[in-house]
Amino acid sequence: MSMLNGLSYGLLLFMLSAGLTLIFSMMGVLNFAHASFYMIGAYFAYQLSSWSNYWVGFLIAPILVALLGGLFERYMLRKTHKFGHVAELLLTFGLSFVILELVQLVWGRTSVDYAIPTAMQAPLFKLYDSTFQTYRGFMMLVALLMLVSLYLLLKKTRIGLVIQAALTHPDTTEALGHNVPRVFAYVFAGGCGLAALAGVIGGNAFITEPGMAQSVGAIIFVVVVVGGMGSLGGALIASILIGLMQTFAVGLDWSILGGAKSLGVEITSATPGYSLWSLKLSQIAPILPYLLLVLMLIVRPKGIMGTRDE
Amino acid sequence: MNSMMKPIHFKPLNGVRIVVWSAFALILVLLPAIFNSSFAMTLLCFTGIAVIACLSYNMLLGQTGMLSFGHAVYTGLGSFVAVHAMNQIVAGWYLPMWLVPLVGGFAGLFFGVLFGYVTTRKSGTPFAMITLGIGELVFAAALMFPWFFGGEAGINSNRTAGKEMWVNFGLSFGPQIQVYYLIAVYVFFCTVAMYAFTLTPLGRIANAVRDNPERAEFVGYDTRLVRFLVLMASSFFAGIAGGLSSLNIEAANAELLHAIRSGSYLLFVFLGGAIFFFGPILGAVLLVFSLFMLSEFTKAWQLYIGILFLIMVIYAPGGFSSLIMLNLRRVKYGEWRKMRWPYTWMFLFGLIALWGFASIVEMAYQIQVAAGSGSKLTVMTIPLDAASTTSWVIAVIVLIAGGVAFEYWRRKFAKVWSDGEERIADAIKKAEAAIV
Amino acid sequence: MRVSIKPLAVGVASALMFAGAASAQNVKIGFIEGLSGPFGGVGQNQLKHFQYAAERFSGKQANSGVTVEIVPLDSKGSPQEALALLKKATDDGIRFVSQGNGSNVAGVLIDAINKHNERNPGKEVVFLNYAAIDPDFTNAKCSPWHFRFDAGVDMKIEGLTNYMKDRKDIKNVYVIGQNYSFGQQVSKFTEAMLKAKRPDVKIVGNELHPLGQVKDFAPYVAKIMAANADAVVTGNWGPDLVLLIRAASAAGYKGSFYTFYAGVIGTPTAIGAGGADRVHQVSYWHPNSAQSEIESVYTGFKAKFNEEFYTVAAVNAVRFLVAGVEKSKSTDAVKVAKAMAGMKMKGASGEDIEMRASDGALQQAMYISQWTKAGGKDVKFDQENTGFGFKTVRYLQPEQSTMATTCKMPKR
């Protein structure tokens, strides 16, 4: 059960970081507002589903967000391209501020009632005492489908080849008659759409509120760094690793204190740094990804699947 | 980063450095005479601390091209160590209170060494992401270790402790004015020190690492080491800012370490301008102004700041300081006159468009946030009613009309501007030729 | 016992008018709270509570000579800015400040006010705390300038455990909370008090997780279920509370939740049907409390703002301040503080409430209520139009949640 919980959470993380990785590897732009597009996705889906039904939101919200992403790339990001990647990062940083404010302006500052469709609230199956919700299964299915289609799109289609070519040899690709800036806009829009899709299925499984972007923002950056900058495969491994790690760590009440005790060393509240030694693994589970990040940088700075050091 | 941070060669005050620094000192001394209410005094103290923090941040961003999302880690941890030092003074340590900011500085340095060792392994975008992760880690840890961070409530102290020590020269630091002058002294010396840093060989190499890391590496410099050293220096000054903050508010809490604070350093340093040394000082003033004054005017202040930031990134990546310097250069080369009218019209129509935009935003906020307190509001002294369609229509029309007229004059202005730029470039070339 | 609170206030006011305190007086409350930024939504909502309370319980509508004006000061939730705003308030001659969201801000404010009052005699400031419930504020760190109108963590858990004592069906209790002072206090008090009152109850888990960092609570719920817990006590609020309850209903957990902040703006909407009959709240008031005498305040507030009224502490803060000014015939903070200490009134449920002089903590009734389908006599009002509301499962008199204090009150 923990395995499944961890996997489904990891796959959601992957959906989020896939778009980010894609944009980064293609354009070299780190989209700081990526999690904000995830948030808009959830809010759009909420709005559309409250007007009609869940499936309309599921299909249309990512497309709308992709459109917004494309417009942002075309009319703003492209203008800062000449100033370099840091300026582009700053622009998306500013965008995340503005999106947050606009979301609060339109939908208010508290959470909205974006619910899981009743059909999928039922348990899918039962293991021991706890149940596995159908919706969780659906989330995993969507993530896997996305993974496969992304792979096919990039490796097996003409568009995919052009995208890859534009990445490594923009000038040559341009000379061959392809509109490289337009390809970039498509990639950016596609990445945003993927983030929005994650928002659509994650927003109701968890919670749709203005803080949701900030709460995942840092984690997906960790995924991208740990997986290796710009590597989709690395992002997949890192997402699932983090998903499983967090899930299993919660179940473990290990602490240095307990370990020392089994070795015959008694640590009491009088020992210096007692509160550090007595911290249980389950208590620090949610910050494990950041510890993993630090560890990774010390041991293998290029990340799991990274090819370059820088 | 390269072209964005390209230095603009213009030093109107070269050779009169002493005058500039004396004027700076004089301003610091005289400010309390002008702003003498206790609230204004508090704001001055906040501004002084923000100046040091922003300048230290710019050692990373402007001088070495390191975009950090975790600068609050160093100011915040400096604050915590300083507040513990203050409590030790309360408990009887023989340490004059005015040295507490230095304690904060060394704490900042210590954590700079600790975290910098990891973060500076990367540069550019990965560096930015890692600093964000470290920031989250430290913030989460702050709530986990209440014995050091005081949990949610933080740690309080008393800055008047140890006032009987003769090294305090009779200063108790109870009255805010004494704290202000202590901050002013620190601001002055830190600013001088950070300016001097830019002139040292390390400061120069940092610029090289920013502009072209490959070449810097090639000529034999270890770029990672340079980044590490700059980060250490920067975190030292950040720690001093943190220590001053502890002394100023006599408390430290986890909020000091939050990502929002790191983000605001980045935002306002950029708005002030990362190219020029004095840019972050402008940024610090702007930071305190936005936080305390702008938020009194409008509830939507974060939206306005965000949009201003977007516009600046696209059109003026050098921030306000570069706008000032570019215009001063115009004045010097006698180009200013040609731009008077485009400027006037741009300003006027810009203001009109801004009114239209602000009206829409304020009316939306009135409905969303302040519902129940009525739908009436005024935007720049003009009364509106968020419940009436007329108000909305007027606002939209004004926005569109003002925006179109603004865009017309902006294009004219852009033409005049780039023509002027060419003439100035020619003039500089000629002057250089004459010297040769 | 259905007496409206308005005649009550009028009664107090008119009684004092005979005593000759009828001159018109204006008092300002500096409302220092995060009105923008991440927790701006809650702050704005609380501001409305205060404005509405001032409108109803002071001046013309309350038939009182004392008019309270609320001056909003936006701290953005930051202790630093709250301090600067305190200076601003004192500059502007404001002698009463109020704050509640976040014990971090409250702690800094109490400390700053102590220092301010010591360094600026004649310009003293009084702090009306309406929601920061760290028990330290009325024990180790107690201050003569601080009055708390909410119940402390210890008081709330005293009430909760007095209720659990009689629930023989509760056998295994799991405590989970955010790893910061409030969550830690909930865990500490729950464990200690349950042990004393129900030694047969097993604490099967005592978990702390980082504040606002957990996105997926499924593993925590798995742990709770593995521990076979039939009741969960949690100090979580906001997203952390909602996510916990949602994950529990997704995993098919059948036990009940005992919470403190299920009624905070936005949370009822997010809990929705998923928490029905399982989520409980410990509070000093809720809209369906049987003797709800401020029903007209509740409905009036909802009609005006279309938001839920739940912070009775705002009403009480205004009422005590008005009565304090009337009693002392002065707006001087020192005299009003002296008048407020030990003052007694009728509370929202008709109980006798007292601002205890020894620690500045308001002694009031407590409710254990359950999140249930609205309708019928017990659940007259639903929350945030969800169709669900709170139903009283136990009413506790003030003496059932009172706590001894260790406060050695300094001289005022």
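The chains carry the letters A, B and C, assigned in the order they are written, with residues numbered from 1 in each.
To be clear about the criterion, a contact is a pair of C-beta atoms (placed from the backbone, for glycine too) under 8 Å apart; a residue touches a chain by one contact, two chains touch by 3 or more.
Bear in mind that the values here come from a model prediction, so they are computed numbers and not experimental data.
Chain contact topology: the protein chains form a complete graph, every chain touching every other one. By count of C-beta pairs in contact, A-B exceeds the other of the chain pairs B-C and A-B. One finds 38 Å separating the Cα centroids of chain B and chain C.
Between the CA-based centres of chain A and chain B the separation comes to 30 Å, rounded to the whole angstrom.
Contacts with at least two other chains are made by residues 140, 144, 146, 302, 369 of chain B.
Within chain A, contacts with two or more other chains are made by residues 104, 108-109, 283-284, 286-287.
Within chain C, the positions touching two or more other chains are listed as 38, 40, 44, 179, 210, 213. Looking at the complex, you find that chain C touches chain B at residues 35-38, 40, 44, 48, 51, 74, 76-81, 83-84, 87-88, 90-91, 102-104, 106-108, 111-112, 115, 119, 134, 136, 178-182, 184, 210-211, 213, 304-307.
Contact residues of chain A toward chain B in the complex are 24, 28, 30, 76, 79-80, 82-87, 89-91, 93-95, 97-98, 100-102, 104-106, 108-109, 214, 218, 221-222, 224-225, 229, 275-276, 279, 283-284, 286-287, 289-291, 293-294, 297-298, 301, 310.
Across the interface of their complex, chain C is touched by residues 1-2, 5-6, 9, 104, 108-113, 115, 121, 123, 126, 129-133, 135-136, 205-207, 209-212, 215-216, 219, 246-248, 250-251, 282-287 of chain A.
Chain B contributes residues 1-4, 65, 67, 118-119, 121-126, 128-130, 132-137, 140-141, 144-147, 259, 263, 266-267, 270, 300, 302-303, 305-307, 309-310, 313-314, 317, 361, 364-365, 368-369 to its touches with chain A in the complex.
By the touch criterion given at the top, residues 38, 40-42, 44, 179, 207-210, 212-216, 218-223, 225-226, 239, 242-243, 246, 250-253, 265-267, 269-270, 272, 386 of chain C touch chain A in their complex.
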